[in-house]
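Scroll down for the structure; my scribbles are underneath it.
Letters A, B, C, D and E mark the chains in the order given here, with residues in each chain numbered from 1 onward.
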Amino acid sequence: MGKAIAFLTRTRGSRDHAGSRLHWTDWFTYGYLLLGIVLMFGPVIWLLMSSFKTDAELNTFPPRFLPYAQEMITLDGHTKPLPIFTVTEGELEGVQVAQVRRVGIVSQVVKMDAPDEIIKIKVKEREPVEKLALAWENYSDLFKRFNFMQFLWNSTFITVISTLIMLLVNSMAAFALSKYEFRGRTVVLAMIIGTLMIPQTVVLVPLFLVVREMGMINSLWGVIIPGAATPTGVFLLRQYMLTIPDEILDAARMDKASEWKIYWRIILPLSAPAIAVLAILAIMWRWNDFLWPLIVLSRTENFTLQLALNSFQGEMATQWSSLLAMTVLTLLPIAVVFAFLQKYIATGIASTGGK
Amino acid sequence: MAVFLNSCMRIIEIPMLYLQQKLGISKLAWVFLLPNLLLFGLFAFLPVVLNLVYAMTGSDQILLEDRTWVGMGNYNTLLSCKDFLDPNSCTDDLFWRAVYNTLSFVLLQVGFMVGFALLTALILNSKIRARGFFRSVFFFPVLLSPVVVALIWKWILQREGLANAALEGAGFDTINWLLDRHWAFFWSVFVSVWAHMGFYTLILLAGLQAIPRDVYEAASMDAATPLRTFRRITLPLLMPTMIVVLVLSLIKSVQTFDEVYAFTGGGPGSATTFLIQYVYETGFAGMPRLFGLASAASILLALVLVVLTFLQLWASRRNANG
Amino acid sequence: MANLQLQDIEKAFGSVKVIKGVNLTVNHGEFCVFVGPSGCGKSTLLRMISGLDSVSGGRITIDGDLVNDVAAADRGLSMVFQSYALYPHMSVRQNLSFGLENLNTPRDVIKKKIDEVATMLQIHELLDRKPKDLSGGQRQRVAIGRAVVREPRIFLFDEPLSNLDAELRVDMRGEIAQLHKRLGNTMIYVTHDQVEAMTMADKIAVLRAGVVEQFGAPLELYHSPVNQFVAGFIGSPKMNFLNAQVVSAANGKVSLGAGRSIILRSDDFMLSDDAVVVAGIRPNAVRVAESAVADFTVEISGVERLGGESYLYTKTRDGSPVTVNIQGETSLEPGQEIGLSVDVEKVHLFDSDTGATLHR
Amino acid sequence: MANLQLQDIEKAFGSVKVIKGVNLTVNHGEFCVFVGPSGCGKSTLLRMISGLDSVSGGRITIDGDLVNDVAAADRGLSMVFQSYALYPHMSVRQNLSFGLENLNTPRDVIKKKIDEVATMLQIHELLDRKPKDLSGGQRQRVAIGRAVVREPRIFLFDEPLSNLDAELRVDMRGEIAQLHKRLGNTMIYVTHDQVEAMTMADKIAVLRAGVVEQFGAPLELYHSPVNQFVAGFIGSPKMNFLNAQVVSAANGKVSLGAGRSIILRSDDFMLSDDAVVVAGIRPNAVRVAESAVADFTVEISGVERLGGESYLYTKTRDGSPVTVNIQGETSLEPGQEIGLSVDVEKVHLFDSDTGATLHR
Amino acid sequence: QELRFMCSTDGNECEVIEDLVTRFEAENAGVDVIVDIVPYKSIQENLPVQLAAGTGPDLAKVTDLGGLSPYYLDIKPFVDADYWEKSFGDILNWYRKGPDDEGLYGLHSQLTITGGYINRTLFDQAEVEPPAADATWEQWAEAAAEVAEATETPHLMAMDRSGHRIAGPAISEGAKLFAEDGSPILVDEGFTNFVTKFVEWNNDGTMLRDVWAGTGGDTYQDASQEFINGSLVYYYSGSWQVGKFDSEIGDAFDWQVVGTPCGAVACTGMPGGAGIVGFKSTKQPEMVAKLLDFLAREDIYAELTARTLNIPAHAAVAAKGVDYEGASAPAAAALNAWGKQVSTVSPVAYAYQGYKNNRAMFGITMTRVSQAIVGELTIEEAMERAKVDLEQALTEVDAK
């Protein structure tokens, strides 16, 4: 255990000296990471694969990893393409046949080389011949079905603006709460943490009423502004900013920096890891936000992708194939954003540049 | 972009500088707080206050002015029990089932999640190949919507799902995971840890970055064993971030809803019905909408959270000092 | 370019009183050095002057204006922090330019100034590095650069050369002196280096435990310390202190602890016979002498050879340590007994209770 | 208690080569001092020895065992960091005890040791403070304390006394020397202080830009520097360098840049007549002399009076700076022309191209 | 003029409506009807809030027919009331506030009936003849067991987890749901009897336990996946599944609509469905009425029904029979079979569907019956709780 932690807690510096030989702790780490891939990423991959399955395939028991579809063949004398089966029992065992039609438990099939001669076999005595097939239509239908670009734009606009406002406003507040001593600080902090305690679900209605009073119903701003007001960011940033040495701020004050300049030239860059985390979270929150936009936005033209995505959920049934395709599509942009922003998480100050 | 931002900041600097001179530094704090307080006050705090009022009203009307004043009535309904340990003896048995379910859920979920998030953050912070890739591996589940999370795990756990296929392959009997209350509870914890761990891992990763490297170097010169380095250096210096993680995870855990609701629907029976599901079904999904009761329940919940949070803060502060 | 006045300045951290009533006037253009034992409050005093720490009591005026409540940024000072406090996320160049940018200095002027400063500090090739990629001394030079690149009313330096090698230190000393001459502004300078203090200062303030013991020109402190503490603190190696007794006040005759009486030339000490005093003798005011002419004998306990000079660490018969500074090298070895003779003109006498200097 | 060997040690940060093949053997129990200009690679070398940085090339052996791949924690060394690197969340006491706890030292032993160390470092009343509540010098003492409270095979000190006042520094020097004597372990010590280097070291390694220029006993370096760099680096004030020309190799007659020829007593320089060389003369090897007997005349450009001694900064006619060290005070003032005479026995000659010492 | 129409969909209803609306726009120059297709959740949870706050749309396709009645626009003044009465008859009551209300509010665009489906192919393979139309639940259970055993099918029967679904069989068993005076009681002997049986079936493997026991609270859960996979012999759901079965079962096996098994007093399913309503808050009541009237036109309604694969609620359309043009043969057969079921629906079922707080009762049923199935409560306790729940709900509703 100790060694495992050694491995975990060692820093980049201390790792330097280690030889090229793999220690068992390396095995542990890579084992853990492998497990991580299987457990954390496996389901996501499955999701990706599933988005290429037809609804029927999605319903199949037991589920299969890759999307399959039955092979079809067009034969002379038959107008429609016919599904291909392999016969499993009887004299034709092992032969591939095309099914013309099925009546009850009897299947009427023809051999490929004799498309006119109908043979009757039991339904149980055949197995479909399948091939890998990606149901691209899950995706292409989305674009046909609704104004994907409009939703994309709405989502992007809401996400970007809301995140920017949130980062700005929250980091300013966090700066004040972490680096200034003033009366009322504890009260504000308590208010902010206290608000976190009330579940979002219940405040939706009061919030709706507030937003209505502000005249922001059915407007993107009705999603943007309340989204930017979440208290989590302030709390997160403040705790991080507490770790920035005050002496650097002192130095900046000696350099005649205004407090505002200290905020954006010193505090913000030094909080980069926390800001990156919050940015990732905020982007994800806004992008995936569903409940709140659902209440505020009821007109198609200002729908977000999530709302569009969920319009596949009806009262009785959900069109999983479309929903999954849409999920994957909506996932892509934030995955890219994450890949970009995660670098900043690792740009912490290894040394403070002081003694 | 950077240039644009820069000029924006420069422009803001002008009024800020004026205010700084006018108000002095200690009052300037309020200027920094103001935008947030405005947004926050109006769109986060005010609704909470309204919620307090709702909790004292009855009827299924939505607008506050249409509702009837019942004072403590809703609290009375929630809190009337012959024996608080036996939900069946309570007027609102579902509420109390939810309370007990939530308590045990939170205990397990927060424990496991923070533990694994910390372990993962430490591993991801160490020098491994393809760190960026692995970071996304652990973060990806967070990006999925609750509905999709639930769907994925239902697939895996259904009668003929992957988990049972694996069991069968290994020669065991299959288990009907979500029909057994204990298993269903276990998987609710699991799925919720699965879905949210990445979130806290990320926060912890950022926190680890704030620990100066030279302290680790000093520790290794002091021949500290890794375990001790972790306990005496990493953990205390990570405390500010740890507090965020503990407080947030506690709060979010108590408020767990979406994915478990989509996953088990609170079942079997009410085995995985948690407080927010109760609130949701009482106040929103179910008919009639007992919004007052739901609000009251949410406030009781908040009170408990306040107590737990302060306990946590107190404990961590003591830890940091001791 | 400013006159700085401290009146009854006090500072307490919680219940710990760290500065206990400091009064000090640094005139326009003066170079004032603060010296004092570690932890005596030098940095604290600097931070109060800069405005980074508030004063617990007293008044700070700059050019006659009370600045107690003026924010650090508005006092127009610049400071080298003892711990550097560089901006870790900025390159050296940015570290240097930040202050100038805040003054809205035109870009080309900034460039020129940074160039000058980089030359002065010999950090040209480091301009694009981040602080974490610098050596200790390089960081310290950046810290100096950040302060001097601006031209403030008052400079505050907190041990700015402590991590530099001897040669560089001499260079920097020269540069700072030149800067001072060129800008003519007021400088306050904390150092533990005797040479720096003696050579750079117009005036030295000797602090002990939050109190200014003496404030005056370097040689004044060296030759006329007000008390035993200052005498011991100024001058390196440290002054030797020997217990002494007045044999005959009238003759200025004093007996050193463990030797024969010596006659101090001046004879107007306001002392009675037999008074117990402390005699202070600097290491370069004693000479090794034939036992015949020696004032007292000591046993050598250690010898340090620096090349150009040597130190003998000796003990008198009654155990008081006496350091002797010898030019060039010596063949004396520990364990030997030698005689020492004292340069009577350079003997200081202190009150054995209060440590106050007994004036002639 | 260990023997340390560096073989062809190299270190590069990215493309910047910082250490360029260092070979060094520090014997068991030796006190080895590293000196060199700021940024020459002293700390880097220390960090590689400690195991905190990996080597880019070469072998480090301790007691004959190759330790290149041994983790810092397992090398059994202790180190005082130039930047202190105190544990910010621990009290001073905890900072000191942490290392001992890691060795499972019994609690009462820890207590005793901390007590001893606190006494040695005069930080008793600070034991319950956190580092941020300490002055710079106090922090540095805690950093020393943390290293010395354990008894490792090898001590590494990176400018451990830079922020202490003169008196304390002398005390600490004594304490460290005593510690060394008591424990008998190997010490490696980086300092910029000439006195520390000369007095504490068994051997000094002079580094320049990642290369060891000379490694030897202090006085060996002082008297027989291998080149102009070492000669200039060891000894304070710095050696004066004057352009010179051999007038008559046979007679050992050399003409200094701007004065009359002097005859160096020894006459076996392997030089041809008229060869151009550099003459090195330490500030205490020149004396002010009547113009009649003076070897050359200079103009005084500055005078520094330290009390016990004074420095004259002068310039020869051809503009070379010459520093003169005078005992006691002087009444000479800048602007005056004076004659200087040279102590011919103490003149060093260097190759004007390579800087290598020309041996007699 | 712009009309906002909020629509949520299980199949293609909204698209078809959108298409028909274009025709309306062509007939009424200057009118622009925008169909906003939203998630069902939006209709269910947010529409009420929006309506209360006065920010709702002009029209919507709703399912909580009674619950939203206070907000409906009465179109009587603008349309031919007789035509409406004649065409939709009693179904209009479902939209009314109470027995005294005579207004015209909604167009029932989607009539549904609950009942059973069987996997006909399995029956054929097992060579078991499906029970007749008047067979009881027990007979069906027996037959299903036989089929399952013969064909090694894992699951016998399943019923959607829904208070609405279980109501038909309960009424068949004798549940009255309402007292003599019309006030809701939910629990009575008949109801308890069916619940008792149902719980038993769930626990002895007759019913696929996963559906009701697998989730909790008010969550809807169906078993269509098992049926589509051919692993379920008998599935009790409703007419709305036809489209899905048609497309997803495809050629895999034959399936068949069998109506509702009989109980002690009847053999009824539950009617239900969704309708289009206008809201009082609209600024163009007349145009809203006009649109509804347009959709109620016989030809338009017939087309709507045909294209969305629904059962007609319009008397004349029903009488003529619908030609499900685009549908496959099995789907058309199934829809016609459902159409025939309409006549078997009991008045209690109609009343229940028309009762404005029926959703409260559905919810209570689901929650409490599930608890009884998993054993958290005994049947007696569950029924007792259900009564109490209902009382509490009603007092809240009445507290105005």
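Here, a residue touches a chain if its C-beta (ideal position, glycine included) is under 8 Å from a C-beta of that chain, and two chains touch if they have at least 3 such contacts.
As the structure is a prediction and not an experimental result, all values here were calculated from the model.
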- Item | Centroid-based (C-alpha) most distant chain relative to chain C | E
- By CA centroids, point me to the most central chain in this structure. B
- Message: Going by the contact definition above, tell me which chain pair has the most C-beta pairs touching.
- Response: A-B
- Would you mind pulling out the distance in Å between where the CA atoms of chain A average out and where those of chain B do? 18
- Note on the structure: Taking each chain's mean CA coordinate, chain A and chain D are separated, in whole Å, by 60
- Message: Taking the mean of the C-alpha atoms as each chain's centre, how many Å separate chain A from chain E?
- Response: 34
- Query: Among the residues of chain D, which are close enough to touch at least two other chains?
  - Reply: 51-52, 71-72, 82-83, 136
- Going by the touch rule set out above, which residues of chain E reach two or more other chains? 44-45, 49, 53
- Task: Could you list which residues of chain A touch at least two other chains?
- Result: 13-14, 61, 205, 209, 258, 261, 310, 313, 349-352, 354-355
- Message: Can you tell me which positions in chain B touch chain E when the two form their complex?
- Response: 58-63, 66, 68, 77, 88, 93-94, 97, 159, 176, 178-179, 181, 261, 264-273, 277, 281, 284-290
- Going by the contact rule at the top, pick out the chain D residues touching chain C in the complex. 13, 35-39, 41-44, 82-83, 133-138, 140-141, 158-159, 162-170, 192-195, 198-199, 218-219, 222-223, 232-238, 282-284, 304-309, 311, 325, 327-329
- Task: Would you mind writing out the residues of chain E in touch with chain B in their complex?
- Result: 44-45, 48-49, 52-53, 64, 67, 154, 209-210, 213-219, 221, 357, 359-360, 362-363, 367, 370-371, 373-377, 381, 385, 392-393, 396-397, 399-400
- In the complex of these two chains, what residues of chain C are touching chain A? 47, 50-52, 71-73, 76-79, 81-89, 98-99, 102-103, 130-132, 139, 146-147, 150
- Message: Using the touch definition from the top, list the residues of chain A that touch chain C in their complex.
- Response: 245, 247-248, 250-258, 261, 265-266, 269-270, 272, 349-355
